[in-house]
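Next come two complexes, and both contain subunit A; in the first it sits with subunit B, in the second with subunit C.
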Partner chain A sequence: MKILVCIKQVPDMESRFKINSEGTWYDEADLAFRMNEYDEYAVEQAVQLKEQLGNEPEITILSIGPDRVVEAIKKALAMGGDRGVHILDNKYYQKDPWQVAATIASYAKEQQFDLIFTGMQSQDRGSAQVGVTIAEQLGMACATTLVGFAYDNGTITVKRELEGGIKGVARMKLPAVVTCQLGLNTPRYPTLPNIMKSKKKELQTLPVADLLKEAELTATDKMYPPAKKGGGIVLEGDVGELVDKLLGILKGKTTVLR
Partner chain B sequence: MEATREIYWNVGHGVILPMYLFTAIAFAVCAYGFYKRVEVYRLGKELNRLDNLSGRIILLLKNLFGQFKVLRVRGPGVPHALFFWGFVLLFIGTLLIMAQADFSDPLFHIRFLTGHFYKLYSLILDLAGFIALVMLFGLTLRRFLVRPEGLKITRDDYLMHIIITAIIITGFFAEGVRIAATELRNNPELARFSPIGLFVANQFAGLDDQSLRQMHKLWWWVHFILVMGFIVTIPWSKFRHLFTTPANYLFADQREKGTIATINLEEEGVEHFGVDKIQDLSWKDIFDADACTSCKRCQDRCPAWNTDKPLSPMKVVQQIGEAAFTNPQANLIETVSQDVLWSCTTCRACQEICPADIEHVNKIVDMRRNLVLMQGEFPGEEVMVAVNNIEVNGNPFGLAYAGRGDWTEGLDVQQMSDGATVDILYFVGCYASFDKRNQEVARSFIKICNAAGVRVGILGKEEKCCGEPLRKLGNEYLYQMTAQENIEQIKASDIKKIVTTCPHCLNTLGRDYKDLGLDIDVEHYTVFLDRLINNGSLSIEAHQFDYTYHDSCYLGRYKDIIQQPRNVLHAAGGRINEMDKTGYDSFCCGAGGGRILAEEKIGTKISEARVRMATETGAPLLISNCPFCLTMFEDGIKTGGAEGEIIVKDLAEIVAERITVQN
Partner chain C sequence: MKALLVCEYREGKLLDSTYELQAFAGQLGADSAMVLIGSEAQAPKFNGKVYLADAGKYGEYNPDQHKKLVLEAVAKENPDYIVFSHSSYGWDLAPRVAAALKTGQISEIVAIVDGKFEVTCCNAKMRRAVTPKTARTVLTIQAGAFSFTGEPHGSPQLEKLELADSASNVEFIGYEAAEQRDVDLTRAEVIVSAGRGIGKKDNVPVIAALAKALGGELGASRPVVDAGWIEHSHQVGTTGQTVSPKLYVACGISGAIQHLAGMKKADFIVAINKDRDAPIGEVADVLVVADVMQFVPAFTAKCAK
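Coming up: the complex of A and B.
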């Protein structure tokens, strides 16, 4: 079985963001980078599947971006990926989700992957479109926001997180694309022998121009921080209600509760 | 009449051959027993503990004959020391007999056990034997009647108490009966120099000569057989500590306290890290179990054990010994258990008090290395999150690394990256940089330096976690990664002296970083301030206050820095109310060993236990010298219900409040 996991290296969300000189993305100075959180679930699930199938599947880790993304690819390799593909693009942020998906689809088409894992969305752009678009461009089945995954003999049964906490169950035959959500699994901490091995695994670098033949469908006009509003929210109600409301705000509007 | 006695009186020179024969056999059996044990020690890896041999021998002799470590706990320590010295004297006495009876007399006709020397000899040995007997009796009462908590009674203990008591008593009986048959009649003056023997003799004075002689032969042989029995059981019982404990003094770790082996991560072909089976340990780790006499002093002082966590340092050491001797294939981590291993705060109370120089802490760290590096295990998910935060942002809070120097706003502090000229590099540490409560300490320290005219520089956003919690949790890989980044920045800054307000950073930068290529003067700010006050650079006004002081583990036990902070607080006008557990006996706050990153899920809170000890002194103020301690005590005061009873402050805050001269 051939598995592809698409990951993105994003800035840590605690960083202080400033808009770049072009006005269309954030400035990379003074930022700490890490693997997109949702992609960690994707890598972990791929590795768990590989272990379930007696280590027969081969996992390819793919990422698009400048040289620094190699660090994220290496971490995914240390978690259990077999080979890495770095699509070198120093202006990755100027591509829209359609182009990102097209780049990946262009690579994946030749490789004939059985299963593609991605994160549900990236923590910086947050479009949540790349995974589904890849499936569309390759004509593969797709399920998103996975919080459950089970493989049995060419068919996968997935649990999806829907609005209001409802879970939806879907079944698909391979080849398929799935996007992963928080709660799917707990990403493993790479062991040192695996970290050492990952340094020797194959890492292929491809220039993005070789793969990207699509024009953008959406253009980024301008990026700016939200206008500062004065005041705050006053919550009213009895203690039980207040607690629920407060928890909702903390969960939805901050990263204090994970 | 001449002051002497006839060696081999009554038993006759005929005993010499069988005596030496049996003794030789007994020694051979004893040697064989140890030889078999050496085979098991050798299951562990090689380790050189014989370097600087002359220094080691001196330490061995000092600690063995001085019994210093045994005496640290007076209750049982004094009786043991006296008992030991008594026995040493008796042993020397026997050697002198042998020297005269088997060498100097037959070969050179020289007899020195005569006259005044003999009188002194007799007196000293009688007293030695008596004191040994009384001390042993006291220790027997303690073990079997008083039954201190945690002091287990095993088969070995019955053996040891019974056989040694019997040896001493039969020795006095033989002597007494001899004196009854000889000196009592012929030389009563001389008998006074064997007071105990005389006392025994008087009990048998009424018997006729023949009965006395028969009894004497009996006690002599019983005494001899008991001694042979004793020698033979040495390797197979707790008696082995007669050799293994002094040997452990010889093999003691001579490196700086707290030194941990730095793994060479570049080494080709190394696929196994940490310890999960006997063969991963060094021979010394296995030998430590044989040096242990289950005195439980380590367990008594373990902050984890004392708050109902399953960790007993003594038990860990003994489990390793058990595995080595009975089941060398055992998985040590499963045997000891993760709950036990993660409970350790590396406070070092166990090693500091151990009278056998056993090394508990590194065994635990080595097993943690296996858990983290080979299995990706952590004491809790929250720890994995914190560890990942350190990897991404250089601090366990996960706050943006770019903001690390923000606490300096409005203060006179230079950034090293600006190329400023400074007197010291202040290594701030994660807590003082990011934690609100601890930022007060950093600000106080700067205020003090400014007043003393000391120019301070910081690395700011180039500073990363020193890596200590990572290292103690077993994550040697990430520790080395983050350490190397710091070392690069420190070297680039061209600084000659580092001062820190965190004892963990102090230990790591000053000692651990040496293995990674940084050899630089690192000082804790309390020592730094002590010097500034002494040489007049810093002027503070003494405003009187009452306080109790907490010696943090990494400052007190690890670095022996106990007096200097007290000097500073005295200069500040403080009146100290010492806790019972102070100085080297200080009780951990609970945050060491990387546990500052973990939730305390088992037993009761260590921080609350220590806060209670502080409130018991009646002092309204608890002073600490470590960001972990400050954090734990603020917590412990709240959760332990001591709010309003006591407050906690760092020493820096106290000093900063009392600055008189502003530069």
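Coming up: the complex of A and C.
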């Protein structure tokens, strides 16, 4: 079995974001990057499946972006991936979800993967489109927002998370694409021996121009912070003083403290 | 300008999000038609055309068939926009329809600003203005961003949709009910919730102590539940409970939209967060910029006096 896991490297979401010189994306300077949280669940599920099948499947880890994304690929290899593919694109943020999907589909078409795992969305752009669009471009079955996954004899049974805490259960035959929701499993921490081993694993670099032949279907005109709705009070300073200020406000504005 | 609105239907019922699609089309200034894979008894109240396919035949979750049915309605209606809710149904189906038509898709729209679609990004800390490059566009709208005011009314002209081919690559098995709740947060007057900002499981009792001092219940954000620090029955948000207490205290919760949807109706909201720009600040009446683990014990001590 051949498995592909598509991962993205994104900034720590607690960062303070500044806009880049083009005005359409964040400035990468001073940001700390890490693997997109949803994708950690995708990597873990692929590795668990490999273990279930007696290590037979080969797991390819793919990421698009500048050189920094190699760090995320290496983490996924240390978690249990077999080989990495870095699609080098320094202007990754100018591509729309259709183009990102087309780039991955163009690579995957040649490789004939049985199963493709992605996160359900990225934490930075959050379109939730790429996984499903890859499936459509390749003519594969697809289910999104997985909180449960089981494989048996060429068929997968998935649990999708729906609103209100209920789940939808569906079954499909491979080949398929699945997108993973938080809580699907417990992503492992790479161990030191596995980190050492991952350094020897194959890592291929491909320029994005070799794979992407599609034009964009949507365009970002600008990025900006949300308009402040106002009204809220912001308290800053010494903790002791903050405690007294908040107590005063709650006594004045609510009935819960008497 | 024409919009085709894709209704959502689950466990035999039309979902209220359907009317948010109407509110959005109103803001867009588009003439609308709707498409529903559901039942005639649950047809939306609407003065216009509703394309109806039978969920008894095509299933409630059958993306392959639903895609083809929506495409049938698109062929008949020739809309400029095809609009879905950004929900477990919409984000699953919309990209399939967009890919089949090779149209651009703009996801999770929160506003229409100067004719451009505003979407959220970076965990709701930033916005982007996005424009389509194709004549026709697929859109998904954020739950709650476009509220329908007044009572839905009208009687639709129904037009039945049928597919010749019933082949599908996904088989729907059924629903699994939400986990039993041993905590009913919906009746609590005070809720003190813990988010990832509390740092570790060992710190949960500190937040629980504040809940107790205020005579309230302990709540939790999703990451804390996923990490196994607090039971799912305490989760507040889209996939947990929707609450409206007199006081809601969010401790170390950044404020993802799924969490905000579950608690923004609280009468008074206090957020304690070291990140001044955390999106929770958008709904908080008071944002205390501080380290949760320093502030909460000090605050609890004063409350308990």
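Operating definition for what follows: the second predicted complex is superposed on the first by the 231 of 258 C-alpha atoms of A that agree within 3 Å, B and C clash if a C-alpha of one lies under 4 Å from a C-alpha of the other, contacts with A are read in each partner's own complex, and residues count from 1 in each chain.
The rule is short, and it goes like this: contacts are C-beta pairs under 8 Å (C-beta built on N, C-alpha and C of every residue); 3 or more make two chains touch, one makes a residue touch a chain.
A quick note: this is a predicted structure, and the numbers were derived from the prediction, not measured.
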For this session: Using the superposition on chain A described above, determine whether A:198 touches subunit B (first), subunit C (second), both, or neither.
Result: neither
Exercise. Touching A:219 in the superposition: subunit B (first), subunit C (second), both, neither?
Worked result: second
Problem set entry | Which superposed partner A:60 touches (first subunit B, second subunit C, both, neither) | neither
Problem set entry | Contact breadth on subunit A, by residue count: subunit C or subunit B | C
Exercise. Does the superposition put A:136 against subunit B (first), subunit C (second), both, or neither?
Worked result: second
Problem set entry | Touching partner for A:106 - first (subunit B), second (subunit C), both, neither | neither
Exercise. Once the shared chain is lined up, is A:14 touching subunit B (first), subunit C (second), both, or neither of them?
Worked result: both
Exercise. Of the partners subunit B and subunit C, which touch A:34 in the superposed model: first, second, both, neither?
Worked result: first
Problem set entry | First (subunit B), second (subunit C), both or neither touched by A:236 | second
For this session: List the residues of subunit A that touch subunit B in one complex and subunit C in the other.
Result: 14, 16
For this session: Write out the stretch or stretches of subunit B touching subunit A in their complex.
Result: 265, 271-273, 372-378, 381, 384-385, 387-388, 391-394, 398-403, 461, 476-477
Problem set entry | Complex contacts: residues of subunit A adjacent to subunit C | 11, 13-14, 16-17, 24, 26, 96-98, 120-121, 123-129, 132-133, 136-137, 141-145, 157, 159-173, 182-183, 215-226, 228-229, 231-236, 239-240, 242-244, 246-247, 249-250, 253-257
Seminar exercise, completed: Contacts from subunit A onto subunit B in the complex sit at residues 12, 14-16, 30-34, 186, 188-193, 195-196, 258
Seminar exercise, completed: Counting only contacts in the complex, subunit C reaches subunit A at residues 10, 61, 63-64, 86-88, 91-92, 94-96, 98-100, 102-108, 116, 120-134, 137, 169-179, 189-190, 214-216, 222-223, 225-226, 232, 238-240, 246-247, 254, 267-268, 270, 275-279, 281-291, 294-295, 298-299, 302-303
